[in-house]
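Across the two complexes that follow, chain A remains constant while its partner is chain B and subsequently chain C.
Let's look at the complex of A and B:
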């Protein structure tokens, strides 16, 4: 079946199978939206072909056709001279013609049997208006987010970085979708090796369709068998600008409102872009809270299971009383109790994500409160664990990058199993597995755990604590930037005394 | 035989030697070295611990002297000094010693877990899972091994703080009078103490994996000094906390002191301590088994991946065969004896042989 389809595709679509231009045009006429008509003048005539769904027809009528008919056309060479639109091509290469016409070019031929033709660009550019960021909303800061159009996205970045060093390497990926993908980087700042790695990996992609940059991300990531994302995706043009200035590489793909950023590190997933908009003390405390939240989210339910299954002695008398009285009527062992609650939270989340927004909220509130209270009253779970599970679910949502919070919630389950197996010892063993896994990960060939391992004190300035902007005057070492100095801070001499 | 060639991308920074040396030293030893050390030296045991530690600084210095001249690892050193056959034989013994260290560490840790946490822990299953973890680390190459030893030092470091609790109950007068033991007794104490310092001889194997190895010398000394500091601290606390007779009956003195730690939300701290200790044991096993596998790979043409799995299976089987307390004690004693000999006799011997050979070659 698939083979047949492929063969059919090859036979009908591939321009190498078509012998000449007339044949190509005959083939294109199979589609209803492919228009063709002949313009007959006194002493000259020409044929015009285009897809009406791809071409801006007003533009065609107002800015192209009048120039073509004002004087008789002698040769195709006249067309680029007359039509005041840049990018007019004359070609007899079937593959190019086919590609261009599918991208909204208009074909002009002088007679019905000609082998060559002129191609005039007149694409319709329909794009959603630039809107507010939904996923990475910040209270302060820019309210622009990427949209599905590559040109708009490029515009959003370019207007923020009006320098000629900003290079955009373009290529198409996907045998069928022919998606335009752009690699953005600052020449002379981004490490050439990083840029080449991205280009190479994009060029090596062999798939038929790229519908979103997330697909691209899975295809160019370093370790595809890891639940941890190794590239950050963002919808904020200002974040893209900021990482470009750091020396990172950005990948934009047509049809996707998400840009990919690499190389990245684990700590970057826990830094929100808002951290740069507020004072460094506030930002750093927010980061510390987030890191605490992650550890809490991963470890607290497993530790509960471990302690209540094996290590009652760990808990002081008074606290044990509270725990025991809450678990008095529970017939299930802690592990089943925990898995039951964790799964119901996951169910709520998944249902909320699939349902339309308004229904989703209702389900969240009703489901959360009703199921929670009912299961405690029914004696299926203890209310202490209910609090713990709800808190840890909440904590997992503090991660600024959505992808990472999914991973964090997933990581909890192996921890739970290990905790049930060997108590706290199991938790440590599982934690060691996690560390070993993170140690092995790389992002575009650069260590993922940097700056913690390999320990680079200089890069710690923007890791767990965000130091004042004054100290951010060097580019991170792990990017191996070709220009390591961002700026030289002006050191104002202050009077070394109290104010009088 | 020339030294091994290691590509730059697999090398780690010299500063990590600090963690590599420290993490391989602090293993199961620190849980109960006090009894052995105090057996002869009594209340002066902390002096013995300090003296043993400082004497090993000299040995590390010698190792660096040897290796900087050799520019290779232990295998090439043996080959160059003793020829292919004798050198290879000596290398095999060293490899066996590294693997035996791994076995000892794993078995002793499992014993601690069995005695203190889970009396019915299945040593086969736990050993398998733990060795799988080791394999997972080793498969990432030396870079990951160094990373594990970094985290194996940094993450459980908070345990040093737990030594505060016994201080509240300690009697520091017990340490007085200083130097009330004979030189012989002190020497026995040094011997007992030095056992818990062993393991840093793996330096011989991984030095080629360090960028600019000469710069790593001070880090190696530093890592060792941190061990000396921690051991001396633990020894002083233990001597203050236990009476001499009580200490002689306590096999794992450090674990016993943890029992008194109490906080509003947690008591019986030894459960947390022993569980965290898995993170300390892991780099120990990783480094020793890595050193063993690396040695075999250097001696033969077998790849390290292919040789690691049999080594791990061997470690699992042989460590599980030691079932009784006495046999585990015996295992510990023998590995320690070999290690003691390796460090205090064999390293200086290598240094002398290399020196003489250098002179002879230079003259001829």
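Let's look at the complex of A and C:
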């Protein structure tokens, strides 16, 4: 019984198994939302079939049907001439018919046994309106963010880059979802090798469903076993525009409000797009603070554990009293104390992320204040460590790319373990492992640690410090752009308007 | 894969080799004092007094004092452990004190050597000589503060900004082992509930032979090194007129050109500011007079000091070391030691007063 049903399912799903158009239509009639009816006129009649959930019915009634009934239809060729809608196709290819009808085309047949039919596009385009970016919100700058509709997203990019060099290579990925994926690049600027790498990797994907670009990201990334993201995802069309101009490749996927950017480097994960909106001094100091915050976030708890477990000599004598007296009543060794607190912060974060926004806020307050104070009062953790853990959690959220902050928080745990086992030596060992791993990483085949390693002095203009826009006149070396010069800086004549 | 496996295995196995010392499970000694045992039949040769602070959760600091007598200084530590609930560690040692008795009779290098050999003890530990009874000094409660830190801070700020020349474990060992130097250490004593710096103790080898009183330390520091401090020097012009001169910067120049004919000229230069003046009006002539008087006084004191050093055949001013540095070929230490007591050392002082107050 079950076996039969499965076979039936298989049969009904694959258009390859169906022999002809009438059989396909019979098959489609299994769905309740598939409408079919016959229009009988004096001297001509035609059959019309469509999915009412995919078709814009007002458009069908107002702009398609009137043209079909005004004069009798002789052949299918009359339809594209009469209906003032571009994209009407006449086909007898079953696969194409099936695909089109599933995307909201209307099938018109002249008689019930005809092998060919006309396909008129009349899709309903329902998309969320363009809203403010939520993940990458900036105070200044554009307030538009990508939505789930690929067409809207393409529009957002195209209107910012009105040049014919902007190419959009389209393909469908996913055996069942048939997700439309677009590779965007600027012809003559983006490196051809990079573009081909992305195309190749996308074409090689063999999965049944792509529901979000994050899934694509995992499938086309260079090292899938690394916790570090090797492609940046963004919801800002202006950021996409900006990286396209640099010569990067962007992947947009239907149904996902996130665009993927590659090739990228580690330092890019620590530069917010807002850095380009403010003066270079302000932007650079923000970047320095962020880099400090990352190092602080990874290292401070492990260093606390290492120092308290092995290197009491390193503690300044003025701090000694504070540390010892805060740990006086605590029964746990520093490592358990630290893991206990780190885990509770992770719990809070996870609980907050799974709950609706309003409840999430309450969780934050309950967790932060109640659990923190209570565990100090109960003598489970020292208040010094509580401050350290809270600060390092806070510091991990300064990364502008959300994915990276998850990685940073995760990286802390091996460091903690090593700190407990080997003290500061362990921290150093773990740090060398981290550096070795980062050195090995690639993003679309380009070095991930560039411009720090391999050291490319020219690319340092937009790495740890963002130099003034005047100096950003060359495209980054690591992109191997086909046109390396962005613009020729004009030296301004200095006007002296101070009359003394 | 194999490499990763080996790494993980070695990581787990090697953890057994590291010794943990969790901060709140150790007894940190911050000051240690060595004294000769009391005469009434105590066993052993050395009495060691260790003070370890205990930080209470409510912010109080209690000083635990451990007193042990042993044959060797190394034995003392294991004896401390026998009466302490937590293992003793020496990594936070701030000060090591030696009683004047021990410094004068036994010498202290053996004790200093144990400190130096312990890798967890830093070379910036302060050494000092105490003229009071060590046990009383270390058992005294100096307020809600750990005794080691208290004495360390007293010595530290005085050698950074005050009258003491810089002395620590490293300096002591350098002066002890290098040719043409003799070490000196601060001399402290208990003054009711405070520790007072009485001066410095001068060593010949590792034995204390003499001392300089606290009021002469200004002169000693001028002779010894380049410095600037908050210390002041009082000049008395006559019974009524006194001036306190605050030293901004001082410099010493050694003239060793005439070393062949056994002559050394020491030039001291002081830039000063008058902080206090008890006379009526400070005229330029008066300033000149103050300068002259101060020069003369320091010169006199300094020359006396140098003479004393020569008669004891000690060289805390490291003149020998300076001579060695300008000697071609091998420096003969014995030869120098013979020459030194009869050397003609002249001390010249030059005082410049740059400011005498804001209101003229």
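In this text, the second predicted complex is superposed on the first by the 482 of 500 C-alpha atoms of A that agree within 3 Å, B and C clash if a C-alpha of one lies under 4 Å from a C-alpha of the other, contacts with A are read in each partner's own complex, and residues count from 1 in each chain.
As a working rule, contacts are C-beta pairs under 8 Å (C-beta built on N, C-alpha and C of every residue); 3 or more make two chains touch, one makes a residue touch a chain.
Owing to the predicted nature of the structure, the values given are computational and were not obtained by experimental measurement.
S.K.: Tell me the contact category for A:310 with respect to chain B and chain C: first, second, both or neither.
M.R.: A:310: touches chain B and chain C.
S.K.: Is A:467 touching the first partner chain B, the second partner chain C, both, or neither of them?
M.R.: Touch partners of A:467: none, neither chain B nor chain C.
S.K.: For A:47, decide between first (touching chain B), second (touching chain C), both and neither.
M.R.: So A:47 meets neither chain B nor chain C here.
S.K.: If we overlay the two complexes on their shared chain A, which of chain B and chain C does A:319 touch? Say first, second, both or neither.
M.R.: first
S.K.: Scan A:423 for contacts with chain B and chain C and give back first, second, both or neither.
M.R.: So A:423 meets both chain B and chain C here.
S.K.: Between chain B (first) and chain C (second), which does A:329 come into contact with in this model arrangement: first, second, both, or neither?
M.R.: second
S.K.: Of the two partner chains, chain B (first) and chain C (second), which one does A:436 touch, if any: first, second, both, or neither?
M.R.: A:436 sits against chain B, while chain C stays out of touch.
S.K.: Just to be sure I read the superposition right, which of the two partners does A:454 touch: chain B = first, chain C = second, or both, or neither?
M.R.: So A:454 only meets chain B here.
S.K.: From the superposed pair, tell me which chain A residues show up as contacts to chain B and also as contacts to chain C.
M.R.: Chain A residues touching both partners: 310, 313, 315, 422-423.
S.K.: Spell out the residues on chain A that touch chain C in their complex, using ranges where they run on.
M.R.: Its residues touching chain C are 307-310, 312-313, 315, 317, 320-321, 323-330, 333-334, 421-423.
S.K.: Mind listing the chain A positions that touch chain B in their complex?
M.R.: 310-311, 313-316, 319, 422-425, 427-429, 431-433, 435-437, 439-440, 449, 453-455
S.K.: Give every residue of chain B touching chain A within the complex, in rising order.
M.R.: By the definition above, chain B touches chain A via 12-13, 15-16, 113, 117-118, 121, 126, 129-130, 133, 136-137, 140, 143-144, 147-148, 150-151, 262, 264-268, 271-272, 274-276, 278-279, 282.
S.K.: Chain A touches which residues of chain C in the complex?
M.R.: Listed in rising order, the residues are 11, 14-15, 18, 20-24, 26, 28, 30, 53, 55-59, 61, 89, 91-92, 94, 120, 122, 146, 149, 152.
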